[in-house]
Amino acid sequence: MRQATHTLSITTHGKGLYAFTDQAVAWVRASGIQTGLLTLYVRHTSASLLVQENYDPDVQTDLARFFARLVADGDPLFEHTLEGPDDMPAHVRAALTQTSISIPVLNGAPTLGTWQGIYLFEHRIAAQRREVVLHLIGEE
Amino acid sequence: MRQATHTLSITTHGKGLYAFTDQAVAWVRASGIQTGLLTLYVRHTSASLLVQENYDPDVQTDLARFFARLVADGDPLFEHTLEGPDDMPAHVRAALTQTSISIPVLNGAPTLGTWQGIYLFEHRIAAQRREVVLHLIGEE
Amino acid sequence: MRQATHTLSITTHGKGLYAFTDQAVAWVRASGIQTGLLTLYVRHTSASLLVQENYDPDVQTDLARFFARLVADGDPLFEHTLEGPDDMPAHVRAALTQTSISIPVLNGAPTLGTWQGIYLFEHRIAAQRREVVLHLIGEE
(Lines give C-alpha, C1' and ligand atoms only; values in the text may rest on other atoms or scores of the structure.)
Protein backbone atom coordinates (compact mmCIF):
# COMPACT_ATOMS: atom_id res chain seq x y z
CA MET A 1 0.00 0.00 0.00
CA ARG A 2 1.34 3.44 -0.84
CA GLN A 3 0.29 7.09 -1.13
CA ALA A 4 0.73 10.00 -3.50
CA THR A 5 -0.19 13.67 -3.08
CA HIS A 6 -0.29 16.62 -5.43
CA THR A 7 -1.56 20.20 -5.34
CA LEU A 8 -3.39 21.47 -8.41
CA SER A 9 -3.50 25.19 -9.01
CA ILE A 10 -6.56 26.51 -10.85
CA THR A 11 -6.95 30.10 -12.00
CA THR A 12 -10.54 31.33 -12.09
CA HIS A 13 -12.02 34.43 -13.69
CA GLY A 14 -15.48 34.78 -12.21
CA LYS A 15 -18.29 32.58 -10.88
CA GLY A 16 -18.86 29.20 -12.46
CA LEU A 17 -17.58 25.65 -12.87
CA TYR A 18 -14.00 24.94 -13.92
CA ALA A 19 -13.33 21.37 -15.05
CA PHE A 20 -10.18 19.59 -13.92
CA THR A 21 -11.19 16.00 -14.69
CA ASP A 22 -8.36 15.48 -17.17
CA GLN A 23 -5.67 16.66 -14.77
CA ALA A 24 -6.99 14.47 -11.95
CA VAL A 25 -7.34 11.37 -14.13
CA ALA A 26 -3.87 11.85 -15.68
CA TRP A 27 -2.30 12.26 -12.25
CA VAL A 28 -3.92 9.04 -10.98
CA ARG A 29 -2.76 7.23 -14.14
CA ALA A 30 0.81 8.49 -13.72
CA SER A 31 0.96 7.32 -10.09
CA GLY A 32 0.83 3.68 -11.15
CA ILE A 33 -1.78 2.90 -8.47
CA GLN A 34 -4.43 0.54 -9.89
CA THR A 35 -6.81 0.08 -6.94
CA GLY A 36 -7.31 2.74 -4.31
CA LEU A 37 -9.07 5.88 -3.15
CA LEU A 38 -8.67 9.37 -4.63
CA THR A 39 -9.59 12.34 -2.41
CA LEU A 40 -9.95 15.91 -3.66
CA TYR A 41 -9.81 18.75 -1.13
CA VAL A 42 -10.29 22.48 -1.79
CA ARG A 43 -8.23 24.84 0.40
CA HIS A 44 -10.71 27.73 0.25
CA THR A 45 -14.02 28.77 1.81
CA SER A 46 -15.47 30.69 -1.15
CA ALA A 47 -14.90 27.96 -3.75
CA SER A 48 -16.00 24.33 -3.59
CA LEU A 49 -16.01 21.00 -5.44
CA LEU A 50 -18.65 19.31 -7.58
CA VAL A 51 -18.88 16.16 -9.62
CA GLN A 52 -21.43 17.02 -12.29
CA GLU A 53 -22.55 16.40 -15.86
CA ASN A 54 -19.75 16.96 -18.37
CA TYR A 55 -21.73 16.68 -21.58
CA ASP A 56 -24.05 19.67 -22.09
CA PRO A 57 -22.35 22.94 -21.00
CA ASP A 58 -25.83 24.35 -20.24
CA VAL A 59 -25.87 22.16 -17.12
CA GLN A 60 -22.84 23.99 -15.79
CA THR A 61 -24.24 27.47 -16.47
CA ASP A 62 -27.66 26.48 -15.07
CA LEU A 63 -26.00 25.23 -11.88
CA ALA A 64 -24.14 28.51 -11.45
CA ARG A 65 -27.31 30.52 -12.13
CA PHE A 66 -29.34 28.53 -9.60
CA PHE A 67 -26.78 29.08 -6.84
CA ALA A 68 -26.50 32.78 -7.74
CA ARG A 69 -30.27 33.12 -7.32
CA LEU A 70 -30.53 31.00 -4.17
CA VAL A 71 -27.78 32.97 -2.44
CA ALA A 72 -27.89 36.47 -3.92
CA ASP A 73 -24.93 38.84 -3.87
CA GLY A 74 -25.70 41.82 -1.65
CA ASP A 75 -28.41 40.04 0.40
CA PRO A 76 -29.10 42.43 3.32
CA LEU A 77 -29.27 39.43 5.68
CA PHE A 78 -25.49 39.34 5.78
CA GLU A 79 -23.35 41.38 8.18
CA HIS A 80 -19.99 40.21 6.82
CA THR A 81 -19.71 42.70 3.94
CA LEU A 82 -16.16 44.01 4.41
CA GLU A 83 -14.77 41.93 1.53
CA GLY A 84 -17.53 42.93 -0.91
CA PRO A 85 -21.17 42.02 -1.63
CA ASP A 86 -20.19 38.66 -3.20
CA ASP A 87 -18.00 37.42 -0.34
CA MET A 88 -20.49 36.16 2.24
CA PRO A 89 -22.79 34.66 -0.45
CA ALA A 90 -19.68 32.85 -1.75
CA HIS A 91 -19.12 31.30 1.69
CA VAL A 92 -22.75 30.13 1.78
CA ARG A 93 -22.60 28.62 -1.72
CA ALA A 94 -19.42 26.79 -0.69
CA ALA A 95 -21.18 25.50 2.45
CA LEU A 96 -24.07 24.22 0.30
CA THR A 97 -21.75 22.19 -1.94
CA GLN A 98 -18.67 20.13 -1.04
CA THR A 99 -15.21 20.77 0.40
CA SER A 100 -13.93 17.26 -0.24
CA ILE A 101 -14.93 14.42 -2.58
CA SER A 102 -13.52 10.88 -2.47
CA ILE A 103 -13.66 8.62 -5.52
CA PRO A 104 -12.68 4.93 -5.55
CA VAL A 105 -10.02 4.03 -8.13
CA LEU A 106 -10.20 0.79 -10.14
CA ASN A 107 -7.99 -0.28 -13.06
CA GLY A 108 -5.87 2.82 -12.60
CA ALA A 109 -8.71 5.33 -13.02
CA PRO A 110 -11.31 7.07 -10.83
CA THR A 111 -14.67 5.25 -11.10
CA LEU A 112 -16.43 8.27 -12.60
CA GLY A 113 -19.75 7.57 -14.30
CA THR A 114 -19.98 8.08 -18.06
CA TRP A 115 -21.27 11.65 -17.77
CA GLN A 116 -19.39 12.71 -14.64
CA GLY A 117 -16.79 15.47 -14.68
CA ILE A 118 -14.86 16.96 -11.75
CA TYR A 119 -15.23 20.71 -11.22
CA LEU A 120 -13.97 23.51 -9.04
CA PHE A 121 -16.99 25.69 -8.33
CA GLU A 122 -15.84 29.33 -8.08
CA HIS A 123 -18.23 31.54 -6.10
CA ARG A 124 -16.45 34.91 -6.31
CA ILE A 125 -16.50 37.52 -9.09
CA ALA A 126 -12.86 38.63 -9.09
CA ALA A 127 -10.10 36.43 -10.55
CA GLN A 128 -8.65 33.96 -8.03
CA ARG A 129 -5.90 31.37 -7.84
CA ARG A 130 -7.33 28.25 -6.17
CA GLU A 131 -5.60 25.17 -4.79
CA VAL A 132 -7.02 21.65 -4.76
CA VAL A 133 -5.05 18.99 -2.88
CA LEU A 134 -5.18 15.48 -4.39
CA HIS A 135 -4.50 12.47 -2.19
CA LEU A 136 -4.31 8.90 -3.45
CA ILE A 137 -3.84 5.73 -1.42
CA GLY A 138 -3.77 2.24 -2.89
CA GLU A 139 -1.88 -0.57 -4.58
CA GLU A 140 -0.27 -1.25 -7.94
CA MET B 1 -3.52 -3.07 5.44
CA ARG B 2 -5.79 -4.18 2.62
CA GLN B 3 -8.65 -2.98 0.43
CA ALA B 4 -11.99 -4.23 -0.86
CA THR B 5 -14.31 -2.73 -3.47
CA HIS B 6 -17.83 -3.51 -4.57
CA THR B 7 -20.47 -1.94 -6.81
CA LEU B 8 -24.05 -1.88 -5.53
CA SER B 9 -26.84 -1.62 -8.06
CA ILE B 10 -30.01 0.13 -6.85
CA THR B 11 -33.19 0.32 -8.89
CA THR B 12 -35.27 3.43 -8.25
CA HIS B 13 -38.86 4.22 -9.23
CA GLY B 14 -39.24 7.95 -8.71
CA LYS B 15 -37.90 10.71 -6.46
CA GLY B 16 -37.08 9.89 -2.88
CA LEU B 17 -34.68 8.14 -0.49
CA TYR B 18 -33.72 4.49 -1.00
CA ALA B 19 -32.04 2.85 2.00
CA PHE B 20 -29.04 0.57 1.47
CA THR B 21 -27.67 0.54 5.02
CA ASP B 22 -28.10 -3.21 5.40
CA GLN B 23 -26.24 -4.05 2.18
CA ALA B 24 -23.34 -1.70 3.06
CA VAL B 25 -23.03 -2.99 6.64
CA ALA B 26 -23.22 -6.64 5.53
CA TRP B 27 -20.54 -6.08 2.90
CA VAL B 28 -18.19 -4.46 5.45
CA ARG B 29 -18.85 -7.35 7.85
CA ALA B 30 -18.13 -9.96 5.15
CA SER B 31 -14.81 -8.30 4.25
CA GLY B 32 -13.30 -9.24 7.61
CA ILE B 33 -11.85 -5.73 8.02
CA GLN B 34 -12.27 -4.59 11.64
CA THR B 35 -10.75 -1.10 11.61
CA GLY B 36 -10.76 1.10 8.54
CA LEU B 37 -12.54 3.59 6.32
CA LEU B 38 -15.62 2.94 4.20
CA THR B 39 -16.25 5.28 1.25
CA LEU B 40 -19.49 5.39 -0.74
CA TYR B 41 -19.48 7.01 -4.18
CA VAL B 42 -22.45 7.55 -6.51
CA ARG B 43 -21.70 7.32 -10.26
CA HIS B 44 -24.48 9.70 -11.33
CA THR B 45 -25.20 13.43 -11.46
CA SER B 46 -28.97 13.31 -10.88
CA ALA B 47 -28.87 11.08 -7.79
CA SER B 48 -26.85 11.59 -4.62
CA LEU B 49 -26.05 10.17 -1.18
CA LEU B 50 -27.39 11.01 2.27
CA VAL B 51 -26.89 9.69 5.78
CA GLN B 52 -30.20 10.51 7.48
CA GLU B 53 -32.67 9.43 10.16
CA ASN B 54 -33.80 5.84 9.73
CA TYR B 55 -36.56 5.74 12.32
CA ASP B 56 -39.58 7.80 11.26
CA PRO B 57 -40.29 7.39 7.50
CA ASP B 58 -41.85 10.89 7.55
CA VAL B 59 -38.32 12.30 7.76
CA GLN B 60 -37.50 10.72 4.41
CA THR B 61 -40.64 11.99 2.68
CA ASP B 62 -40.23 15.46 4.24
CA LEU B 63 -36.64 15.61 2.95
CA ALA B 64 -37.77 14.73 -0.57
CA ARG B 65 -40.61 17.29 -0.43
CA PHE B 66 -38.30 20.08 0.75
CA PHE B 67 -35.83 19.48 -2.08
CA ALA B 68 -38.69 19.25 -4.61
CA ARG B 69 -39.93 22.67 -3.44
CA LEU B 70 -36.47 24.31 -3.21
CA VAL B 71 -35.55 23.19 -6.75
CA ALA B 72 -38.83 22.95 -8.66
CA ASP B 73 -39.26 20.83 -11.77
CA GLY B 74 -39.86 23.06 -14.79
CA ASP B 75 -38.26 26.17 -13.24
CA PRO B 76 -37.97 28.63 -16.19
CA LEU B 77 -34.50 29.64 -14.93
CA PHE B 78 -33.06 26.53 -16.54
CA GLU B 79 -31.92 26.29 -20.17
CA HIS B 80 -30.96 22.61 -20.06
CA THR B 81 -34.43 21.15 -20.69
CA LEU B 82 -33.71 18.60 -23.44
CA GLU B 83 -33.93 15.65 -21.06
CA GLY B 84 -37.20 16.77 -19.49
CA PRO B 85 -38.41 19.31 -16.88
CA ASP B 86 -37.05 17.21 -13.97
CA ASP B 87 -33.51 16.74 -15.33
CA MET B 88 -31.78 20.04 -14.53
CA PRO B 89 -33.51 20.32 -11.11
CA ALA B 90 -32.21 16.78 -10.44
CA HIS B 91 -28.64 17.95 -11.15
CA VAL B 92 -29.09 20.87 -8.74
CA ARG B 93 -30.53 18.67 -5.97
CA ALA B 94 -27.56 16.33 -6.44
CA ALA B 95 -25.17 19.31 -6.19
CA LEU B 96 -26.87 20.40 -2.94
CA THR B 97 -26.33 17.01 -1.31
CA GLN B 98 -23.35 14.63 -1.47
CA THR B 99 -21.56 12.61 -4.16
CA SER B 100 -19.34 10.72 -1.69
CA ILE B 101 -19.53 9.93 2.03
CA SER B 102 -16.74 8.34 4.08
CA ILE B 103 -17.50 6.53 7.34
CA PRO B 104 -14.85 5.20 9.76
CA VAL B 105 -15.17 1.47 10.54
CA LEU B 106 -14.60 0.12 14.07
CA ASN B 107 -15.19 -3.43 15.33
CA GLY B 108 -16.09 -4.55 11.84
CA ALA B 109 -18.92 -2.05 11.32
CA PRO B 110 -19.40 1.52 10.06
CA THR B 111 -19.61 3.94 13.02
CA LEU B 112 -23.17 5.02 12.17
CA GLY B 113 -25.05 6.78 14.96
CA THR B 114 -28.08 5.02 16.48
CA TRP B 115 -30.57 6.72 14.16
CA GLN B 116 -28.42 6.96 11.04
CA GLY B 117 -29.27 5.13 7.83
CA ILE B 118 -27.50 5.30 4.45
CA TYR B 119 -29.60 6.40 1.47
CA LEU B 120 -29.42 6.88 -2.24
CA PHE B 121 -31.35 10.08 -2.97
CA GLU B 122 -33.05 9.73 -6.36
CA HIS B 123 -33.89 13.08 -7.98
CA ARG B 124 -35.55 11.93 -11.22
CA ILE B 125 -39.12 10.83 -11.86
CA ALA B 126 -38.59 7.93 -14.28
CA ALA B 127 -37.26 4.57 -13.08
CA GLN B 128 -33.46 4.37 -13.01
CA ARG B 129 -30.73 1.84 -12.31
CA ARG B 130 -28.10 3.51 -10.10
CA GLU B 131 -24.61 2.40 -9.14
CA VAL B 132 -22.87 3.13 -5.85
CA VAL B 133 -19.19 2.14 -5.57
CA LEU B 134 -18.10 0.96 -2.10
CA HIS B 135 -14.42 1.16 -1.13
CA LEU B 136 -12.99 -0.15 2.13
CA ILE B 137 -9.43 0.13 3.37
CA GLY B 138 -8.23 -1.17 6.72
CA GLU B 139 -6.99 -4.03 8.87
CA GLU B 140 -8.37 -7.25 10.34
CA MET C 1 0.98 2.38 6.69
CA ARG C 2 -1.06 2.63 9.88
CA GLN C 3 -4.34 3.99 11.22
CA ALA C 4 -5.61 5.91 14.23
CA THR C 5 -9.16 6.66 15.33
CA HIS C 6 -10.65 8.91 17.98
CA THR C 7 -14.11 10.12 18.95
CA LEU C 8 -14.49 13.79 19.83
CA SER C 9 -17.39 14.80 22.05
CA ILE C 10 -18.76 18.32 21.49
CA THR C 11 -21.40 19.92 23.69
CA THR C 12 -23.63 22.41 21.89
CA HIS C 13 -26.05 24.98 23.29
CA GLY C 14 -28.17 26.08 20.35
CA LYS C 15 -27.87 26.53 16.59
CA GLY C 16 -24.56 27.64 15.14
CA LEU C 17 -20.98 26.69 14.32
CA TYR C 18 -18.70 25.14 16.94
CA ALA C 19 -14.99 25.12 16.05
CA PHE C 20 -12.90 22.03 16.76
CA THR C 21 -9.94 22.78 14.49
CA ASP C 22 -7.45 22.85 17.36
CA GLN C 23 -8.53 19.46 18.74
CA ALA C 24 -8.39 17.83 15.29
CA VAL C 25 -4.97 19.31 14.43
CA ALA C 26 -3.52 18.40 17.84
CA TRP C 27 -4.78 14.81 17.52
CA VAL C 28 -3.20 14.44 14.05
CA ARG C 29 0.06 15.89 15.39
CA ALA C 30 0.05 13.50 18.39
CA SER C 31 -0.47 10.48 16.10
CA GLY C 32 2.98 10.87 14.57
CA ILE C 33 1.59 10.35 11.07
CA GLN C 34 3.24 12.79 8.64
CA THR C 35 1.53 11.96 5.32
CA GLY C 36 -2.00 10.62 5.13
CA LEU C 37 -5.71 11.26 5.02
CA LEU C 38 -7.84 12.61 7.89
CA THR C 39 -11.58 11.88 7.75
CA LEU C 40 -14.17 13.53 10.02
CA TYR C 41 -17.57 11.89 10.42
CA VAL C 42 -20.56 13.20 12.42
CA ARG C 43 -22.76 10.53 14.04
CA HIS C 44 -25.97 12.60 13.93
CA THR C 45 -28.66 13.62 11.44
CA SER C 46 -29.49 17.04 12.88
CA ALA C 47 -25.90 18.32 13.07
CA SER C 48 -23.30 18.39 10.28
CA LEU C 49 -19.74 19.39 9.37
CA LEU C 50 -18.33 22.46 7.65
CA VAL C 51 -14.90 23.75 6.78
CA GLN C 52 -15.36 27.51 6.75
CA GLU C 53 -13.68 30.86 7.35
CA ASN C 54 -12.13 31.10 10.80
CA TYR C 55 -11.20 34.78 10.81
CA ASP C 56 -14.27 37.01 11.05
CA PRO C 57 -16.88 35.55 13.46
CA ASP C 58 -19.59 37.34 11.43
CA VAL C 59 -19.11 34.68 8.72
CA GLN C 60 -20.18 32.00 11.19
CA THR C 61 -23.26 33.87 12.39
CA ASP C 62 -24.22 34.82 8.81
CA LEU C 63 -23.97 31.16 7.76
CA ALA C 64 -26.25 30.10 10.61
CA ARG C 65 -28.73 32.88 9.80
CA PHE C 66 -28.87 31.96 6.12
CA PHE C 67 -29.62 28.30 6.85
CA ALA C 68 -32.22 29.31 9.48
CA ARG C 69 -33.99 31.42 6.83
CA LEU C 70 -33.65 28.88 3.99
CA VAL C 71 -35.10 26.08 6.15
CA ALA C 72 -37.42 27.75 8.65
CA ASP C 73 -38.39 26.16 11.95
CA GLY C 74 -42.09 25.33 11.95
CA ASP C 75 -42.42 25.25 8.13
CA PRO C 76 -45.91 23.76 7.54
CA LEU C 77 -44.49 21.67 4.67
CA PHE C 78 -43.15 19.19 7.22
CA GLU C 79 -45.14 16.27 8.64
CA HIS C 80 -42.41 15.04 11.01
CA THR C 81 -43.15 17.41 13.91
CA LEU C 82 -43.21 15.01 16.87
CA GLU C 83 -39.77 16.05 18.10
CA GLY C 84 -40.51 19.78 17.87
CA PRO C 85 -40.70 22.51 15.19
CA ASP C 86 -36.89 22.65 14.84
CA ASP C 87 -36.32 18.91 14.33
CA MET C 88 -37.24 18.34 10.69
CA PRO C 89 -35.63 21.64 9.56
CA ALA C 90 -32.49 20.44 11.39
CA HIS C 91 -32.48 17.25 9.30
CA VAL C 92 -32.80 19.30 6.10
CA ARG C 93 -29.98 21.69 7.09
CA ALA C 94 -27.80 18.65 7.82
CA ALA C 95 -28.68 17.19 4.40
CA LEU C 96 -27.69 20.49 2.73
CA THR C 97 -24.23 20.48 4.32
CA GLN C 98 -21.83 17.58 4.94
CA THR C 99 -21.79 14.38 7.01
CA SER C 100 -18.13 13.60 6.34
CA ILE C 101 -15.10 15.64 5.24
CA SER C 102 -11.71 14.20 4.27
CA ILE C 103 -8.56 16.33 4.42
CA PRO C 104 -5.13 15.24 3.14
CA VAL C 105 -2.35 15.42 5.77
CA LEU C 106 1.16 16.65 4.88
CA ASN C 107 4.07 17.35 7.24
CA GLY C 108 2.01 16.08 10.16
CA ALA C 109 -0.89 18.52 9.71
CA PRO C 110 -4.18 18.71 7.76
CA THR C 111 -3.71 20.78 4.59
CA LEU C 112 -6.21 23.44 5.69
CA GLY C 113 -6.02 26.74 3.83
CA THR C 114 -4.92 29.83 5.75
CA TRP C 115 -8.47 30.89 6.63
CA GLN C 116 -10.06 27.46 7.00
CA GLY C 117 -11.43 26.22 10.30
CA ILE C 118 -13.27 22.96 11.04
CA TYR C 119 -16.76 23.28 12.53
CA LEU C 120 -19.58 21.19 13.86
CA PHE C 121 -22.77 22.84 12.59
CA GLU C 122 -25.51 22.40 15.21
CA HIS C 123 -29.03 22.69 13.78
CA ARG C 124 -31.13 22.18 16.92
CA ILE C 125 -32.13 24.68 19.62
CA ALA C 126 -31.81 22.55 22.75
CA ALA C 127 -28.40 21.64 24.18
CA GLN C 128 -26.90 18.48 22.68
CA ARG C 129 -23.87 16.25 23.11
CA ARG C 130 -22.48 15.45 19.65
CA GLU C 131 -19.91 12.90 18.54
CA VAL C 132 -17.46 13.31 15.65
CA VAL C 133 -15.37 10.27 14.70
CA LEU C 134 -11.84 11.04 13.47
CA HIS C 135 -10.02 8.52 11.28
CA LEU C 136 -6.44 8.89 10.10
CA ILE C 137 -4.51 6.63 7.77
CA GLY C 138 -0.95 7.23 6.66
CA GLU C 139 2.78 6.98 7.28
CA GLU C 140 5.35 8.47 9.64
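Letters A, B and C mark the chains as written, and numbering starts fresh at 1 in each.
What we mean here is this: a residue touches a chain if its C-beta (ideal position, glycine included) is under 8 Å from a C-beta of that chain, and two chains touch if they have at least 3 such contacts.
As the structure is a computational prediction, the values presented were derived from the model and not from experiment.
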Among line, ring, star, complete and other, which best matches the way these chains touch? complete
How would the chain A/chain C interface be labelled, same or different, where same requires over half of its residue numbers to be shared? different
Could you please state the distance in Å, as a whole number, between where the Cα atoms of chain A are centred and where those of chain C are centred? 19
Hunt down the residues of chain C that sit against at least two other chains at once, touch-wise. 1, 37, 70, 96, 98, 102, 137
Residues of chain A defined as touching chain B within the complex: 1, 35-37, 50-53, 56, 58-59, 61-63, 65-67, 69-70, 96-98, 101-104, 106, 111-113, 115-116, 137-139
The residues of chain A that touch chain C in their complex are 1-3, 5, 37, 39, 41, 43-45, 70-71, 77-80, 82, 88, 91-92, 94-96, 98-100, 102, 131, 133-135, 137
